[in-house]
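Below: a set of structures, written as structure tokens.
Both complexes below contain chain A, partnered by chain B and then by chain C.
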Partner chain A sequence: MSARGVVLAGVGGQGVVLASAVLAEAALQSGFEVKQSEVHGMAQRGGAVVSHIRYGDTVASPIVPLATADVLAGFEWAEALRWLPYLAPGGALVVDARRIVPPGACRDHRRWGVPYPPLDPTSIAGRTGAVVLIDATGIAGTLGNVKAANSVVMGAVSRFLDLSDAAWEKAIARFVPPRTVDLNIEAFHAGQQAETLDPADIPELGLDPLPERHYHIDVNEAWCKDCGICPSICPEFCLALDDAHRLVVVDEEACTGCRLCEVLCPDFAIRIVTPVGAQGGAR
Partner chain B sequence: MTTSMIETRERALLSGNEAIARGAWEAGVRVASAYPGTPSTETLQALVTYEDVDTRWATNEKVAVDVALGASLGGARALAVMKHVGLNVAADTFMTAAYTGVGAGLVIMVADDPGMHSSQNEQDTRLYARMGLVPLLEPSDSQEAKDFTKLGFEVSERFDTPVLLRSTTRISHNRGIVVLEDRAEVPVGGFHPDPSKYVMLPAYARGRHPVVLERLTRLTTYAEELVTEEGADTRVGIVTAGVPYQYVKEVLPEARILKLGMTFPVPVERIRSFAAGVERLVVVEELEPFLEETLKAAGIHVEGKAYFPRTGELSPDLVHDGFAALGLVEPRSSAPTPPPTVVRPPLLCAGCPHTVPYWSLKRLGAVVTGDIGCYTLAALEPLATMDTCVSMGASIGMATGLAASGGADKPVVATIGDSTFLHGGVPALMDAVYNQADITVVILDNGTVAMTGGQEHPGTGRTLSGEETRAVDLPALCRAIGVDDLHVVDPYDVSATLRAIEQAMAHRGPSVVITYRPCIEAPVRIKDRPFWVDADACTACQLCMNLGCPAILWTSETFEGRRKVTIDTEMCTGCTLCAQLCPPRAILPVQEVGS
Partner chain C sequence: MTIVDIRPHLREWAMPHVLCAGCAHGIVGRAFLVATDRAGIDPDRMVVVAGIGCSSRLVGYLDFCTLHATHGRAPAFATGVKLARPELTVAVFSGDGDGLAIGGNHLIHAARRNIDLTVVLFNNEIYGMTGGQVAPTTQRGAIASTTPRGNTEPAFDSVALMIGAGASFVARASASEPFTLERIFTEALTHRGFAFVEVLSDCPTYFGRYNRLGDGPEMLAWLTRQDSRVAEPLAAKRVVDHLPIPEAPPGLDLGVLHREERPVFTGRRSG
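And then the complex of A and B:
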């Protein structure tokens, strides 16, 4: 048998590495040569995590070559998209409908944001074989622990691999914490049975960029006594005291119009001017 | 993975690091010393689970090699482990250990990080082998990682030399099947004083250099024994080693390959005869054109880096592209571009005690020299409060220099973790006090080596094997060095931390702020009562968002056209930082829901 390739992708803390150890062990139990490769380090701490597993009669490269993975499992939607180039034409995409939106992914006045991609399998139509979109996190929660979502995903992955349930169960029992073995095996079987969701049933995040607005920070220099309250509270660091201890507006562009400076100024010396025609406005 | 599990199985799935630990144990290693560093860290963590090995964390990599060399001279097989940049720290001893030779076998395992998954550079350890004239073994999978470790001890004793064992991220963090064997009991040989060999006075060292060169000649011949040749193609021959060998096999399973087990010294004559049997010779190697340049210098015509990148990791795809450019295979069909997805940089954890010191520095305005650790992430948005990060302990000396330059328009502050401070920061702080540098040093003391997964260090009071020991008292150490302006604060107290750093920055001359609070993840995961956001009270000022806490998330609700926030209570550790900052007091402990 030529080597099979599986790519597991998610976010630090989702159990990607544990799931890949389970798959590698199940393949070992089944008598195959196995190689599994992952990257630690900076990948943890909320960053993207990916693990490659290859098994077969012989395996050379520990990394799955591009466009050859039999299965790509996304523990989260955006991470599934990231590693899509590894999936073979016609390969299966298994993905948890969970969306983990990093803080930088919301462009609300932030200059460093990149929006979260819409959960829309039609956006990748023609690039995969079967698409299994499941509510793994929800299923695991129903079973009693959302952390078992990785076992639910692996249950769905197992549909596309030729490894016996006995091998999977033995591997799960070996790697998950002892008290959670039954739960994880139950979660695994739930993943085997899990129904594919209709993307239309998944609510939108509601995090589309808001209309961009600009503000003017109006300091009445005659009233300001340079006390330093507003620069110490401004969330966006728009205000500062200069070397002469005088209040200066250093970054008006970053102002989000929160008006903390205006509200907290003991001397009514600072005012945020909302642009004409902006929605919302002062309360 | 516990010892019992490994020992009851004939074949086990081991990472390269676990396999190296296993190999060292099977070889009868008695003393092992390391400083944690990705991707090498798990080696000693695996070795400590075996019996009959004295396994210990060192203060830094130089101390690790010193300890291992000392143990070797005492007649015990010894192992030192580090990441590639650790060898820079250990280079002083390493270069002269090449002259002293060994007592019992001495293996120095160095894990390179091509692609810099978790490193500040991607230097190639093979160049150190050439500089030190020390043999280097390069495994290509977990089985070889174990086998070459055992072989390393034999080579070390046979040729009276330290041996480098070069791993890479794809060896260290790749699991593969390993056949397990028993431990060989190698008795301790005892220390046999020999000043002409172990006391490197100039007069004695002059006598050793020719010995090293003569040894190198014998090793070059020996390296031929570690070569494997396969395939029958006479058109193209491929010279490779390490994990690139696996990529070559992946792309061209039937290729004519000469695989080297020892890549320094290079078995040039063996390669010359291989070259004579093929029309074209190609070298596939990661990072530097090390073999390629050696072969070219020997007058062997060879192609290499013209087809394979010199930067980053190789992969089966890059090797395929190189072979396609050489006309050996059809080009890959170009994959369609993936749909755009979100950028997901790593973040400081929810409840990370490093958050507020950096938030304070951003608030106060400073030129901040950083160091190596989790807190390097403070260089990224939204904290974005780090101006330099170069090497272990460099923050303090660089701050001293920046202050001396007169070119910094703001106060200069060095930020350094507790383990990094003990590793390489202490001499620099002495220098700052000695030369009365006008800097502030913030020691971010979280009581662990957090970046590599929470290891013990000399300041934690525990050893690698979990035994209690004396802990370095950081405030007392700073006072002993001569720091007069010393502040110790809890970084969960936002105003106290801001105040302490502000006062220290105002002090003329060197000042130190120690922010002490245990890491949220290690040695135990801390989870207190979580907080929630009262959406009716939230004015969407987003002040909390600038902490960069991953538990604070955006919502679809807005206030005056700005987006409100919410807290993921599963992730929230209850650190209270955002609640301390929230101007409308909209962030409350969960139990107050409905009250």
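And then the complex of A and C:
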């Protein structure tokens, strides 16, 4: 058998790494050669986590080449979209309808605020084979623990892989915490049976639009010594030193009002004027 | 938490202040002003006493009742103020040279008495005002104008000293973390008894230049790395390679490091 490739993607804390260990073990139990590789991106901050698993009679590389994955399992909608290029034409997309909005998509970043993509499988029509959109987190919650959502997803993934239930169950029992084995096996079977959601039934995310706030960066030029501290710490690059090494406000529009410049200026020379009605009030 | 505008607490007519561009002392002064506001202290009942040094010089810009005293003797002056007018809130601004070298005795005895003062000790590891001489806080190996080939003496741990002397509130904070500074100063100002806060500050003009640590922005980053919670050990950044440093300094513990309830000295037989 030529090697099969599976990509699992989610965010930190969702159990992606554990799920990939379970899949690798199930494939080993079934007598295949298995290679696995994972990347934890800023898991502490909920950043992207992705794992590649390849198994077959012989497997050379642990990395699933672009556009060859048989299954892409997304533990979160936007992460599934991010890894879509790895899916083979006609490959199956299994995805939890859960949405975890990354900080960059919702914070008051003016310049690079990116909206969270709409949860709408029609937006990726033609780029996948079967799409299994399930409420894995909801199902796991009904069973008693939302943390078992990863097992629900793997149950849905198992529909597209040629591994026996016995192999999966053994693998789950080996990797999940001992007291949660039964729960996870139950979650796995629930995932095998889970119905594909109608996107129309999925509630809107209800994210507030980016707040329309404009901060005024009030620099007291008579006090500023052009020390360079505020340009070096402004996260939005609103401030800079010009060629003459003088402080200039280059992009007031991008200011998010974080006030780092204000509290780190040793010369009391900078103050952020908050818009009327916003938190803290005008001043 | 409400945003405090500190400009009303400044003597604007005296500004801009005399400290060098990028010197972190001003960041500390600003956080202190925010803390007095948060602690609800009436500016007319706030007294700040300072010794001599760039850090001490800051009191000239604070619109409180301020007293610029003699080198190292600020705790003694402050003791007098507090005993005569116990209803006032009294704080001391002092440098590492001011408070730990020439003024070491005054500092430890004020702590021993547990008199109700808040002492802010600006530690920039050097005598900034007088041109960068070695201080009792200069780390081994560091260069100062009087130790051009690197300091051979160990440095004071002022936090251990103050706990030993009897201070009932002891904290260490860094100028690179102004929001934490604001919080710790607020706690120190509301503590009843002797409160001591060592603040890791900097001196880009001398210490930074001698030790090739960069200007204000780079030195702020360097301050963050002294925090023991930050992995990189202090020694790794030292440029002195000809002096054997026996062991890398482990970094400094930050936060409120000691707090106790102890009878407060009021000068009276009881109370």
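Here is the rule we use: the second predicted complex is superposed on the first by the 196 of 283 C-alpha atoms of A that agree within 3 Å, B and C clash if a C-alpha of one lies under 4 Å from a C-alpha of the other, contacts with A are read in each partner's own complex, and residues count from 1 in each chain.
Just so we're on the same page, a residue touches a chain if its C-beta (ideal position, glycine included) is under 8 Å from a C-beta of that chain, and two chains touch if they have at least 3 such contacts.
Computed from a prediction, not measured in an experiment: that's the story for all the values here.
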Request  = For A:D165, select first, second, both or neither according to whether it touches chain B, chain C, the two together, or no partner.
outcome  = neither
Message = Under the stated touch criterion, name the partner, chain B or chain C, that contacts more residues in chain A.
response = B
Request  = Check the residue A:D267 against both partner chains and state whether it touches chain B (first), chain C (second), both, or neither.
outcome  = second
First, second, both or neither for A:R82, with chain B first and chain C second = first
Ask   = Is A:S232 touching the first partner chain B, the second partner chain C, both, or neither of them?
value = both
Task = May I ask you to decide whether A:E33 touches chain B, chain C, both, or neither, giving the answer as first, second, both or neither?
result = first
Task = Please write out, lowest number first, the residues of chain A touched by both chain B and chain C across the two complexes.
result = 232-233, 263-264, 280, 283
Key: Partner chain B, residues of chain A touching it in the complex   = 11-12, 21, 24-25, 28, 33-48, 60-63, 65-67, 78-79, 81-82, 84-85, 101-106, 108-110, 112, 114-117, 123-124, 127, 146, 174, 205-207, 210-211, 213, 232-233, 235-237, 240, 256-258, 260, 263-264, 278-283
Ask   = For the complex, which residues does chain B have touching chain A?
value = 5, 11, 13, 38-39, 117-118, 141, 169-170, 173-177, 243, 246-247, 249-250, 253, 315-317, 320, 332-333, 335-336, 338-349, 362-363, 365, 374, 377, 381-382, 451-453, 539-543, 545-546, 548, 550, 552-556, 558-563, 570, 583
Of chain C, residues touching chain A in the complex = 2-3, 5-7, 10, 15-17, 19-27, 30-31, 176, 178-179, 182, 215-217, 220
Task = Going by the contact rule at the top, pick out the chain A residues touching chain C in the complex.
result = 222-223, 225-229, 231-233, 259, 263-269, 271, 274, 280, 283
